[in-house]
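Below you'll find a set of structures to go through.
Heads up, the next two complexes both have chain A, just with different partners, chain B and then chain C.
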Partner chain A sequence: MSEDIVLSIYRGDKSGGEEVRYTVPLTPGMVVLDAVHYVQAHEAQDLAVRWNCKAAHCGSCGAEINGRPKLLCKTRLDDYQGQVVHIQPMQTFPIIKDLVSDVSWNYETAKKIPAFQLSQSAPLQMQQFDVDRVQEFHHCIECFLCQDTCHVLRDHDAKDQYFGPRFMVKIAEFEMHPRETGDRVPLLAKQAGLDMCNVTKCCTEVCPQHIRITDNAIIPLKERVADQYWDPLRALFRRKKTTTPTAPDSAPTIRG
Partner chain B sequence: MAQSMKAPTQQPKQAAKGMPYWVEPLFTIVALGGFVVYAIWETLWHNTGTYHNYVSPFFSPDVAGWFGFHVLTALYVVWVPFLFRFSCYYYRKEYFRGFFFHPAGCAVAEPGSRKLKAYKGERRFPFNLNNLHRYAWYLAVIVLIFLWKDTVQGFIFKNGFGVGLGSILLLINAVLLTAYTFSCHAFRNMIGGRKDCFSCVNGKPSTGYKWWKRVSGWNQFHGNWAWASLFSVWAVDLYIRLLSLGILHDPRIF
Partner chain C sequence: MSTQFATLESHTFDVLVIGSGGAGLRAAVQAAVPGVSVGIIGKSLLGKAHTVMAEGGVAASFGNVDRWDGWETHFYDTMRSGHFINDYRIAEIFAHEAPERVLELEEWGAVFDRTPEGKIMQRPFGAHSFRRLAHIGDRTGMELLRTLQYKAISQDIEIFQEVTVTKLLKDAAGRMAGALAYYRSTGEFVLFRTKAIVLATGGWGKIYKVTSNSWESTGDGGALAYRAGAEMMDMEMVQFHPTGMVWPPGVRGLLVTEGVRGEGGFLYNSEGERFMLRYDPERKELSSRDVVARSIYKEVQAGRGTPHGGAWLDITHKGPEFIKRKLPGMYEQYLTLADVDITKEKFEVAPTCHYTMGGVRAEAETCATNIPGLFAAGEVACGLHGANRLGGNSLADLLVYGKRAGEGALAYSQSIAEVPTIDPQEIEAEMERVMAPFSITHGENPFLIHEELQDIMSNHAGIMRSGPDLEEGLAKIQALTERSANMGITGSRVYNPGWHAVFDVQSMLALAALIFRGALARKESRGAHWRTDYPDELPEMGQWNFVQSVDAGIKEVPVPQMPEELARLFERGMAPGVWKSQQEGKEN
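Take a look at the complex of A and B:
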């Protein structure tokens, strides 16, 4: 006879809502998304949840499980045996319905980042050790859990002042690319609001892809801003990298 | 069977695994706060930190002695490690979580009063000065050189070379401070991190790349070095203070 586990799932929309409890039979290897699907199939056919691959690759099923931003498909239920599992939508973004939140602000923000600028025409020849650093950033699945946990966006709702950790990773990916010529440091220092980040590393802690967002993207970018804007000695010997690229008026630079 | 219940607040429950979120900020308040209180006591209430061939890291180098000052001698030195640690990327995380609750833990709602205040991150003074962390690093390296001199001196007794418990503590302290200093994020940037292409000179990994790679490895443990070196400074100073007060006796191993 299988053991049961109790899920307390947020049900509601922008006009309000509450958590509703469901009891689900626990099976070996079950993840939270399986349990949510069980609830959908047996008890609440109108329960809204965004998901796609169920393999921690699409980044669709981000939510908050017992107050912690996580992917529903990557969180095993046996980690919560003996507890009630509270499942809520991401708190940083407006709710659409139940576990689905409106993350479109991220796609609008992506449009503000200047597109990749090549120093030479493709195909590019690069040494592997030159691109190792940016390939870490390519692991991002855009689940926006880092945006959800970032207190600048979450607690202070400073979306007009800071792009958030996901886009610091995006900018780092371009900025540190060996064949990319754009200079996004002025963007970081001003519009992107890098100095709103106080490096508390929550984005790194919740990243399901284990990208070291703070250590490998945000802090190196902060150092580059310091190189260009704060260091008086470097100001004496400064050499411009290239011209500052401009953001495209349309078409996001990342998938939307 | 579905059963309605009251909507929860945004305060998170305990994670399935690991410690409650408040353990880390509480540790920071106790450990870092305790160290700061101790450092203030040591700096303002003592004018010397020497016991025979042992010199406390609070009093080295003897900047006050160079200028002939005899009061508050530690004050001329401790501002350097203070600036280095205050602007350190690792300690920023710790003090913003522990002392400012910005935030106390990941996805933990900030206290209401702070939430209402305009948050400016590192835009406003004095936190914007953290951008000059590299200059604190330059100064910290100078102090570190003197600490290594003191470490060597810690092995030289009146009757020649020897090893006391204090010598070993000084050595451990110098090693941990070296690891902390050279795993610094700013050093990682200046040693090669600011380069985008490591092979553009001759197609081979540059020296900067090799150093950057090595420092990146050390950097992963920067937080560990930060705490370990803080406790070693504390331990060495306290040990020398207790020796000079006659409370402890320094055992000679060799």
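Take a look at the complex of A and C:
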């Protein structure tokens, strides 16, 4: 019970910083967020960390633990026995302070997605097997770990060209809803930059909600774009869409 | 005039919503009609509010699976479980409007689980006469919040994230005029001027040590309103959810949805006895929360608790496929945080602080409070739940009354020509107060004061209460409040959790004292309020709500009396829908 664990926590802000080591007494089942709170209460009141529910429901406490994007509240310290635990803020977004990143870009991006539209009023008649597919996307807690790990956003900083995996999931949620009438395929083909994704599945790997982002959201959306823009037969016999889409302005430029 | 005041950022709105959880977002969506400016302030990022923690479902009497259900039965269940100190009119409107508010969410993108006929699925929950809770697995609150979040961003609403309000400001006539706040990320002040405020800041479950509540539930809104002169009602009524996690220590108190029992889980003591058969043979595990929580507590006290002081909850008989489908969050939560596979083994649960039934006294039609221009909705408000809240009623509450508060504030703002004036000196004084902890060196540590507060509340105002214990607790709170005046912090204003905690602690201390005073005044046991020195529910006490305010202290206010046609619903001693179903049974 009296075992200790060493945390090396990034302390700093936009002007720079470095990791600082703290020793924390380990308790059974302790998660990284518990240890960070211990440091906050006993050694560094101003240690900035974002968190809400401590139950992996809210997605506030995303950070990087030994280089891996994770939720602090869901990461057990007994997985790191005998190691120093390095904790850094998410690297894809600008830092505010310590473990807190400025994730406002995500909220701006969310606004660019046209709202949910129905052509009929509730109550809707839908079978469970009709909604199973979209319900997976509703599991998203907006922790932005997928955005953090996406190399298009992280390594190439192409935030002006790609909305990122989180918003592919959001668009898939609307597009695959059995009764939704909006058409976001032109958005995907252009502004949202779906073709920037080259399906390396890193986002799927880090998703704490186990959403199969690449397989179930991104690839089916890519198929929709391909159907609408690149399939000559479908282009001839297209009935559903009222406006004729044009090809995307630019070809994908980034390859992981 | 200080430089700080001269450079103060300021925004003006017709309607300002404080709190960006379910009730706040629903209010903002309602108030944001063309030509009306609406702002919404959240202490966290958008979509992170405590609403995400609601798991089991939203109560609305569609009758999709039990056709006898209807608003009368929902009303009956709500009043009966609230032990009749609820405001009947609030409960009546609520029961009527809940189905419509849930369907609205479906139109905005929420995808509820379905019945075989393709309708919204409804699950059973404690003390609901019928299967009534519309749900999405065990993450209904998140669905509701996310749906409202995306609805809100598609409207013309200005959203302020990670902003803490420190004071509500009134004009010389006593009308709401604005709020002073600061950005948590920079520590810079921001002033909001407004005609009307909707307070939707949630409850104060963080006041207790073992709690299912997220960090935000520190009662800021309740304390802001109380200090501004609002009436606070039923403060003694704190709900302890029967089933929180028990082990390991870091997750103690974390919610285990009532859905586990709703979907067929059984409770056992250490002797393997299904003890709820003894405490409530009729409703068993699905009795009301106050009863189940007290039963688990009594079993532990009698020495029949689990290794870490709780009861066993077992749902393994439903099979892994069913459990993973209906309770995926619970499955994952126990597996990752406690190394327990709930599809294969029983698991430990114990009561955890879950909800504050008391709060700002608000009127049924518009959510207006006693302060002109201040409206309250959701957990911060009071009147719907009485002495015990039914599971699923909080999500329905924030939809029904979020909408009504939005409408109320909108109508009020349109009746006012100009934004009321705020005295600049009051703003300056408040900025000084908020900055004060920086100049206290070697002061009290706000995090440790919070821990002490939680200990006091858990030991003196928990599930089981008594007069002497409450007196002692109140004295301790008063002493702690004195010490808290000396809370000091280090570091800069940039995202400084120590500084933020100072105001959380101040809010919680203010409300803690009100809980003790209410609990001392209510000399009986009713619903969640259990006093060993007054173990019975007393009819004469049932006539009163206890209302507290800065100006008038504590006073008894008569519980509103139901009109004849509503009172008649209770004459048979059974819910109207249940009676109807029995009559049909006889005919066939």
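Note that in this section the second predicted complex is superposed on the first by the 239 of 256 C-alpha atoms of A that agree within 3 Å, B and C clash if a C-alpha of one lies under 4 Å from a C-alpha of the other, contacts with A are read in each partner's own complex, and residues count from 1 in each chain.
The rule is short, and it goes like this: contacts are C-beta pairs under 8 Å (C-beta built on N, C-alpha and C of every residue); 3 or more make two chains touch, one makes a residue touch a chain.
Keep in mind that this is a model prediction, so the values were computed, not measured.
The superposed arrangement places chain B and chain C next to each other on chain A without a clash. Touch criterion met: A:Glu142 reaches chain C, while chain B stays clear of it. By the touch criterion defined above, A:Gly59 lies against chain C but remains apart from chain B after alignment on the C-alpha atoms of chain A. Touch criterion met: A:Asp195 reaches chain B, while chain C stays clear of it.
Within the superposed three-chain model, A:Lys159 lies out of touch with both chain B and chain C [touch as defined at top]. Contacts of A:Gln40 after superposition: chain C is touched, whereas chain B is not reached. Touch criterion met: A:Asp13 reaches chain C, while chain B stays clear of it. Once the two complexes are laid over each other on the shared chain, residue contacts for A:His177 go to chain B and to chain C alike.
Applying the stated contact rule after C-alpha superposition, one finds that A:Val206 touches chain B and leaves chain C untouched. Judged by the touch definition given at the top, the superposed model places A:Gln127 against both chain B and chain C. Once both structures are fitted on chain A, no C-alpha atom of chain B lies closer than 9 Å to one of chain C. Note: residues 126-127, 130, 177, 180 of chain A belong to the chain B contact set and to the chain C contact set alike, using the contact criterion stated above.
Against chain A, the residues of chain B that register as touching in their complex are 1-8, 10-17, 89, 92-93, 96-97, 102-103, 105-110, 115, 119-123, 127-128, 131-134, 185-186, 188-190, 193-194, 196-200, 203, 205, 209, 219-220.
Taken in their complex, chain A has these residues touching chain C: 13, 27-31, 34, 40-41, 45-60, 74, 76, 96-98, 100, 102-104, 107, 110-111, 115-116, 118, 121-128, 130-131, 134-135, 138-142, 170, 173-174, 177, 180.
Chain contact summary for the complex, chain C toward chain A: residues 44-50, 52-53, 62, 103-104, 106-109, 111, 113-114, 116-121, 136-137, 139, 141-143, 146, 150-151, 153-154, 159, 161, 185, 214-216, 247-251, 254-255, 329, 332-333, 336-339, 445-448, 451, 489-492, 494-499, 501. The residues of chain A lying in touch with chain B in their complex are 8, 10, 12, 16-23, 43-44, 64, 66-69, 79-80, 83, 86, 88, 91, 126-127, 129-130, 148-149, 151-152, 154-156, 158, 162, 175-180, 193, 195-202, 205-206, 214-215, 219-220, 222-227, 229-231.
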